[in-house]
Amino acid sequence: MQPTVEVLNERDYILNVGPQHPSTHGVLHLRIKIEGETILDVEPVLGYIHRSIEKMSEALTYRQFIQMTSRMDYLSAHMNNLACALAIENALQVEVPDKVKYIRTILCELTRLASHQLWWAANGLDLGAVTPFFLAFRDREAITDIFEEVCGSRLTMNYIVPGGLMEDVPEGFADKIKTYLDTFERTLSEYDQLLTGNEIFRGRNIGVGVLTKEEALAYGCTGPVARASGLSCDVRKWFPYEMYDKLSFEEIILTEGDSYARYKVRIAEMYQSIKILRQLLDGIPEGDFQAKVKKIIKLPAGEFYQRVETARGEFGVYIVSDGKSSSPYRIKFRSPGLSNLAALPFMTKGAKIGDLIAVMASLDLVIPDIDR
Amino acid sequence: MELKDNNPFPIAEPYPYGNFFLSHLDSIINWSRANSLWPLVFGTSCCAIEMMSAASAKYDWSRFGFEVARATPRQADLIIIAGTITNRMAPVLKRLYDQMPEPKYVIAMGACSISGGPFYYNTYSVIKGADHIIPVDIYVAGCPPRPEALLDAMIQLQNKIKRTKNF
Amino acid sequence: MLHILPLLFFQYFTTNPELILVLKVVLSIVAVISLVAVLGLFLIYMERKVAAAMQLRLGPNRVGYIGTLQTMADTLKLLTKEGFTPGESDKFMFFLAPVIVITSAVLAFAPIPFAKGYQFWNLEIGVFYVPAVASISVIGVLMGGWASNNKYSLIGAMRSGAQIVSYELSVGLSLVSIVVLTGSMNFTTIIMSQENGWWIFKGHIPVVISFVIFLIASTAEINRTPFDLSEAESELTAGFHTEYSGIQLAMFLLAEYVNMFVISAVAATLYFGGWMPLHIGHWEAFNHIMNFIPGVIWFVGKTLFVIFIIMWFRWTFPRLRIDQLLNLEWKYLMPISLVNLLLVTIITLMGWHF
Amino acid sequence: MQIEELKIKLADAFPQCTFEEKSNMTTILINASDAYALIKYLKTEVNPGFDTLSCLTAIDWPDYMEVVYILFSRESKTQLIIKSKISDRNSPETKSICDLWPGAELLECEIFDLFGINFTNHPLLRRVFLGEEWIGYPLRKDYVDEINMITL
């Protein structure tokens, strides 16, 4: 039954990048076939952090499995939680209060900022510049402080629950974010000074790992990776959820499709997130932080698919319910990273080893999100 | 014997029969090992981000001399197991540990590497605790632990090293 | 009678030329080794503090006063770590590689004048001796990379070979421009020629260009960011010394910093006058005041300044790619240095320099 | 193009498929033998075509298996769920859609790995997550693993 796969020819010079390697961002394992410095083929080997979250979720209740999603794409924890909460709310046809919508959107955008900051840190680190790491973490720590005040956790939040939020937000929530945004807008220009205009950085990224629009569509790429190739795919625009249909913001689309375009898309998205946050912070309405949802949730029979835009692209939750039990019959998380990774062998064929690192840095992979 | 805080070279044990030279050599070696723990760049999941936070300017583990993170196990003294260890990762972790030269230390950071954490029940691919694979010196609780907790763990490890006897 | 024996011995030792030579050699070896050890400790500490300052951190501050003993602890730890040779490696070559690297680094100290008259070997071709000896280290690097029996090491070593061989040219050509100006390859003569001002000020723009090229090319030669391709941490984990641990790693690290010091000392000597104080033409009073500051302080100050610039590079720039690295040398630095050399020659022939 | 229009068209071309409206999207049920042809038809023949593969997964029901394709047409903003039914649970097999979307390659490997569904015509079908030495298909409902799994 099991086919044994002769993956790459034995006589080729094969370099194993990972599973423990500083720039695979965790435990991705790439087998690359090289000739000198030139890459002939790349084969991703996954599963080093496959934690069977989908199998576990089948034994957990609808309220419980959401906490597992915080540990998948841990840099977009709020958004993952939101996707599950939205799927369940849609299935139950629950309408959440306006206040909840505002706060959820604010938290999602803050998460996007924090995630992009960490990507920027790792991008510099992968290309050999160490200082960006420290600059970005300075800004990121301020956001984690806000998260900590809101939900008591810095990384794995579990704050958004079906029907609303776990707790009410603390006093001075909006003011604190406003002060933060003022400082961050100033420090964001330092990012440009340090990396964006740097000749070496531009040389390493421009024209590297080009992905055309058609290829992006064929590989199912989403998020900044696809938008840098000219493919409009922002779920916030296509399938607006929460407050996004009432906000004015742009979907950043570039057409070059190289690593530098992906870099620029993310930097521009940070400015857009600041813009979105500014629109929301003043008008948080008063009200409840939860809608009425039963303690033990049972979904009607059927299947429910919900997409959200995380920092890495389209995250989908596909829940199949048999209508009888209080836990999902089958749950599938469509992770943006897996599709983006699928394009990596195509993008790096014929490139140098250094390019592989640059392209991987620009894809912004989170491996637990890919392996689940 | 109790440690004196202000003594940079705490002697492991009192030596009633003399043995002055070896005990002092011991304390000097322990002092150097304790103050120069180079961690291996090894993070599997969420805890890795908090480990990076511990390196960042706000927490700054370089104050203790930990900032020389090495990517190759041959040059590292310390594995911080930051994240879940799965069945597939276990042989890799074992191999990394074997590749490190003596003396080597292990910190299990976070619930996953202590016991499997949230992935204890109903999962087919997670190792229930990294100490099934390699010996662990210090456990840090949390999911993920705060960077301060990691720093404290490393200081505890320093204290542990200062109490060992080499000869 | 017996009580004059020590006197006779003393007389014998101080008059016999062979014995004096042996004594001198032994003293020099001790001096160089202690100098290298101290330099290594200090420079690594300095690097960590400079990095910390640039990254909004504090840097090591727990061991000793503001962390001064940190590198001491690191060295002691590396010395007491398990010595390790991979099973399938070429054991002899694996052992020899760090020795060659450190030897070539130490040899390069010979002709460098630390102060007036303080020089191990006043060599007539000192300017070319330094790059010639320093580039022996590439053999050690290649050996280490090949003997490790590790793919990362091998790629790192090959990169290092290509890199050092290429950048050797630019280093040489930019050194030649000063040789052309002074007409000598002797370090002492070059320093004495800067009695009325340093070459960086006297030699117009061509000397500045040659200084910049020297700085870039020598950064590449000592394998530091942005040219640290041979040990590119995010690509090849640790490059050619992936398999090295303990004392052998310490040798590689020490060699890197010693090389950095040598390169900076050469730059300081050729362009900033070495131990020569800041003199301006015939301003006798000013020159006299400057002479009160001892030469060794001038030398160390200038060298540390150049070292700081090299460290500054490291903590700001990303790394180049291998083809960009070679392009930079063969398409830009080499032609520019050649044209620059021509300009310097014209300046010298016409006597346009100050 | 609206869903109603599509239904009429499909009734002509694929009379064997049935429709279901249990969730917020239209679901098409079809047998595995015709699934590839239907998806190819939806991608290339229909105008505007369904050009995006949003999600690809499988479900293990007690007596049969289903491969689920979630398609999306960017031009008409229509979403579809296609569930292709494989009756043979012991040696499930269906045709790969890698030639339509190369991005499906890893997703199909994942399904093969976790459900044991064999995709014919796939360029490199392998156990991408668990490794070749793993025995059994863990996301099947009847999977038991007494060594690793601790159930409550």
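Letters A, B, C and D mark the chains in the order given here, with residues in each chain numbered from 1 onward.
Criterion: a residue touches a chain if its C-beta (ideal position, glycine included) is under 8 Å from a C-beta of that chain, and two chains touch if they have at least 3 such contacts.
Bear in mind that the values here come from a model prediction, so they are computed numbers and not experimental data.
Of all chains shown, A has the CA centroid lying nearest to the centroid of every protein CA atom. Here the spacing of subunit B and subunit C, counted between their Cα centres, is 36 Å.
Distance between subunit A and subunit D, defined via averaged C-alpha coordinates, is recorded as 25 Å.
Averaging C-alpha coordinates per chain places the centre of subunit A 46 Å away from that of subunit C.
Per-chain CA centroids place subunit A at a distance of 30 Å from subunit B.
Residue positions 21-22, 47, 50, 52, 55, 59, 133-134, 138 of subunit A each touch two or more of the other chains.
In subunit C, the positions touching at least two other chains are 55-57, 233-234, 237.
Shown for subunit D are the residues that touch two or more other chains, namely 129-131, 138, 151-152.
Across the whole structure, chains are in contact as follows: A-B, A-C, A-D, B-C, B-D. Per the touch definition, subunit C reaches subunit A in the complex via residues 51, 54-57, 151-152, 155, 159, 225-226, 228-229, 232-237, 315-324. The touching residues of subunit A, counted against subunit B in their complex, run 19-22, 26-27, 47-53, 55-56, 58-60, 67-68, 71, 74-75, 118, 121, 133-134, 137-138, 140-141, 144, 154-156, 367-368. Only residues 87-88, 120-126, 128 of subunit B touch subunit D when the two sit together in their complex.
Of all the residues in subunit B, the ones that touch subunit A in their complex are 40-46, 48-50, 52-53, 55-58, 71, 73, 83-84, 86, 88-89, 92, 96, 118-119, 121-126, 143-144, 146. Touching subunit B in their complex are the following residues of subunit C: 48, 52, 55-63, 67, 69-70, 72-77, 80-84, 233-234, 237-238, 241-246, 249.
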